[in-house]
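Chain IDs A, B, C and D follow the sequence of writing; residue 1 opens each chain.
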């Protein structure tokens, strides 16, 4: 630990101001990027994107909601690769129960998501296995169960549920979830605690944060949130098949990183990461698809844009070691 | 730092015998359970050989990937790499097989390994030069590799010529896997690369101060890992005989089995047998998998078993240390 | 690339890529504004790129723009693809969905955006999804479904095996719950049941399916697992998955030296099928279905042009026949008229676009090797 | 001690942005000497030696070793030129064997045809370990099997087996137990005896005077003076370092004040397996209770145990009102504060702002009835206590990682003052902190005591215990080995007797 003069602090004044300007830039840059990309794609698709706004953004609800759960997890330095399987299982539960009662189905879906989150939490928190390993295992495990449950036929939701579908409803539900999440993250100790755990778990514990309990709860919460996202998913799709939700975890990861989220979490995360990232991801994806390029070309461009964006937006300064 | 970190070295039943002992017990218990449940169509010596063979492909990739994982990095382009390498190797094999039969193998093997290594090089360079977390950079690159694979394959099934398929079955696959294992073993234990791999994994800063060219060795680890996935591609396409270009991140479904093999390696690292543990770990999972098949269980169970078995084995071998920070 | 495709030359590896750009920019005076969307599991795998090739050719001939979205048969991506295509200004969409329920959302999207919609390779099941079937029937934009009779196909293939004397049949599916697979599986089971009822003393047995995904190593592993669990297996049906699982299964049988003992039937065509039918490593195959999206394309094209109307209150169910190949001779013709070249020339495609609805249906039903052979002779 | 110059430091400069860490420093180090480098925190000692060993690049100036310019880009190159370093932090890498650690970067001699001869390497390492008298450490073992002290011994071997011309020892001693220190001194002397020289950095002035031959003093990156150890006193050095006479009281000055009878905290039969056993004592209102001992005596664990941070603790920690303290949240809720010896890991969340660090334990209180937090409320709170502790910072949004050690410590204290804690457990509150800030902290402790707060002060520095505490418990082997009362006659020797 290098130890230095007290007087140097004063001379650092300007540097600090510059640093805080930089960090403001970092926050704003993805938003600017989003706007630019949106404008570019509108030009390239002759305004079709903005004309069919509701259609263009129809994908964003599930991404936004489930990203929020993972955002909490990543804020405290964890990872979760089981999100896709959580979405799949919860979708199956919701579809299966929608015949009886819609409210029951939603509650059960959220509970199913929470239950998988609980399993993740158990192995991660209680057994101290890296979150990365645990969630890759549970991703596999529950994907198997999803396949088993859909072997003979996809699980279809009843009309009770799918008839509820309307864009305003989806927008409202998504907005409610996000606003609640935002308020908790920004205006209660919840957010500060998560950031503290991400920035230094041991120190957070010594400052009185119940780190294990918080970590445990967040995994359960993220599962529950994705369980709720499954409700939106089922509203839109109407059924759950063997690959419902597959690759969702990668989508979320890409979205959050595009939104400027530092992958190791900590103090520099910003709730805006969730929103900007999800929209950026959807605009990019949809925009390229709408341009009518062939799939490999689309993907080639997507890969390159993604790397360029991450290169520009990612906060690499706070990462001393990049793994 | 805290000087009270750990009590002095204590002697207990550790090291290689303990590790091998544990693995042999896993193998035996798995075998025994299914042998009892399904004596007629499970667990004969030749069948055990088949189960072992089934794990070879992923294990071969995993031993290379171990270098990357130990350094604390990750790779999401494994599947794309295997796909791309297999396609390129296959194209080479088809081109060369017409002119001369012997060259078919040469073109195939070199095509796969070189492509794999190049993909690894690309991963490594982008990671090191762009300073983006490896998990992210390889996700972006996987999209690009998939696109390239698709351009190469041009919508056609890439089928390996029938006279170049010897590496897909006994003893060809065993020889390839054994060679891969030996190379990895030597690299890890008998070259400075192995030492540096662990050094970088332990503390990059200190390693850098010790004069280790950290960036170089990170790139090297990716190249090695890539080349081993090239070898996995050889075994995979030889076994199945063809490869199709996949897009839309579908190739990522191939990521996880080798990754899990690697988890075994990491879990048994403390016993000093990471690489053998990868092979034996895959063996255990395959015993269980074929055991369930013998019982007539649906295949969906495969993913469940792989996930569960791995989770439990990692849980058993992980010692819960209080106050330890695990991310 | 386009000239190669037109002249029916070899399916060179670059043609699929450049064909698309041609079709995008290609503008014909009369229908230059028409844009048709294709929602497909993949436009790059073997079957997918065959489908793409024939659609691109038709689009070029008719001066229509086409746009593809690959959805990987992931439910949420299937529904999203329809939204993307509608947003991109397509007036019509043809789709290969993965489950009936996705069609509910697809039909809704199309109704709202006044976009015509036709299914290919798939049809909404009247029995299993009456609500969705009704929604499709009621919709003024749901044009219809062009599909193979998968149950029948399954039934036929299993019969071929039973007639060859096979009694212990191993099944390899590609993914759990896939609609096409489920149809074929039903057919296999039906075939075996019928046989067992007729021959109570010579019963046949169908294994639990092993799933191979869409890779050849998956196919090989599934085949291996079947042989391990039941060494007496005398026939294997790799049900589909784009050809790779079949490749893998055959490779596995070869390496186990069981080619002679185990008969294989499938619904995917292999490049070296002729040789295999001759040497006995394949017993029979059904295929040729890649023309099916062409009919769906024609339906939607005519709907957009206003030639076909009044879809509300109707459900257009257009069966498409499989081609069966069970000898080397059969395959030779198939290879000539369906593989080496497209079965229709540009002129024929333009002609086809002018057919009345009923004639188009007839045209679809009449697809066969003989048909292609005779037209080509002209 | 000879007059032959071994290492010449010439006009050395190094800046970090606007911070001039080392400004035009020149001095000579002679053959066969232990040459101490002292100065307040941040005076540029580590920067200087880091340039020598290639960890930092040199802005201008040069090191000349035996007439040859040193130009190392990393430690291995430095080693090749005859320079090695032992740092304060862990300098060995886990996951490697002892032998691999010793020869890290120098494997080449064991590599033939690309293959590493592990056997030969282990034999060589074992031979060295034996020579150094560390037989119990085995070359083939994983370094992880050894504790911090043993790992330091391995570093000594690593740094000196090749007989370097210059050995740098940077603040290593503070991390070592008495025995460990003795080992280190032995090998420093060995280097001196074969004609090498040792650059010895330490804040422990008596140690510096005792062990070194010559002493160079730095202040704010500038060279001040070089003196012979024999010619100076501790007081002289202090004056040189600070640049002025120290004014005002250093420690508290009162004697004979009566400790209140009111017990605020009672510790009974506290045992933490393997670390402390059957520790019992009472803490009174308004007293400063000191804990002293060797680093491994278990005294640090006592602080953790009181704070509810020990694992597997047995026995009881009870407040006056009967509340049992078994976990950290309960401890904090009942007004117990704790600063850890491991400041960067356990006291401050290093990668977070000063604001968050100060507010963390008080968030519920700041949020108030609405349970809603706002930036304004937090800024006000943080500013108030940061100002009270006069933390040197740009603003409260600055990251703690950018603060100096002393200021980090102030942030920790500010946090607990903000929480208005009545019982404060300070473990090594002045560790690695210079005299000026130390003085501030002593004054603060005295003030808190006078306000009726009870303080437990755990320290390895006996002088500060003697200067500050009402009572001192000396720990040995996990047990309380003796207790002394405050008195002007108390000397370090009285305490050392109970420690060892």
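FYI, a contact is a pair of C-beta atoms (placed from the backbone, for glycine too) under 8 Å apart; a residue touches a chain by one contact, two chains touch by 3 or more.
Keep in mind that what you see is a predicted model, and the values were worked out from it rather than measured.
*Asks:* If you tally contacting C-beta pairs, which comes out ahead, A-D or B-D? Let me know.
*Replies:* A-D
*Asks:* Could you work out how far the Cα centre of chain B sits from that of chain D, in whole Å?
*Replies:* Spacing between the chain centres: roughly 44 Å.
*Asks:* State, to the nearest whole Å, the distance from the C-alpha centre of chain C to the C-alpha centre of chain D.
*Replies:* For chain C versus chain D, the centre distance works out to 73 Å.
*Asks:* With chain centres defined as C-alpha means, what is the inter-centre distance between chain A and chain D in Å?
*Replies:* 42
*Asks:* Using mean CA coordinates as chain centres, what's the gap between chain B and chain C in Å?
*Replies:* It comes to 35 Å between the two C-alpha centres.
*Asks:* Going by the contact rule already set, what residues in chain D reach two or more other chains?
*Replies:* Expected reply: 89, 345.
*Asks:* If I count partner chains per residue in chain B, which residues reach a count of at least 2?
*Replies:* 150-151, 247-248, 298, 300, 323
*Asks:* Could you pull out the residues of chain A that touch at least 2 other chains?
*Replies:* 147-148, 151, 202, 247, 295-297
*Asks:* What chain pairs are in touch here?
*Replies:* Per the contact definition above, the touching pairs are A-B, A-C, A-D, B-C, B-D.
*Asks:* Which residues of chain A touch chain D once you look at their complex with the stated criterion?
*Replies:* Going by the criterion above, the answer is residues 1-17, 20, 183, 187-189, 192-193, 195-196, 199-200, 202-210, 266-267, 318.
*Asks:* In the complex of these two chains, what residues of chain B are touching chain C?
*Replies:* Touching chain C: residues 41, 47, 50, 54, 57, 150-157, 159, 162, 165, 168-169, 236-237, 239-248, 250, 253, 289-290, 293-294, 296-300 of chain B.
*Asks:* Considering only the defined contacts, which chain A positions touch chain C in the complex?
*Replies:* By the definition above, chain A touches chain C via 45-46, 48-49, 51-52, 55-56, 58-59, 62, 147-148, 150-154, 156-157, 159, 162, 165, 233, 236-247, 286, 289-290, 292-297.
*Asks:* What residues on chain D touch chain B, complex-wise?
*Replies:* 55, 73-77, 89-91, 93-96, 100, 104-105, 107-108, 111, 114-116, 118, 141, 144-150, 175-177, 274-275, 295-296, 300-301, 311-312, 341-342, 345
*Asks:* List the residues on chain B that touch chain D in their complex, please.
*Replies:* 1-10, 70, 186, 189-192, 194-195, 198-199, 201-203, 206-212, 269, 322-323
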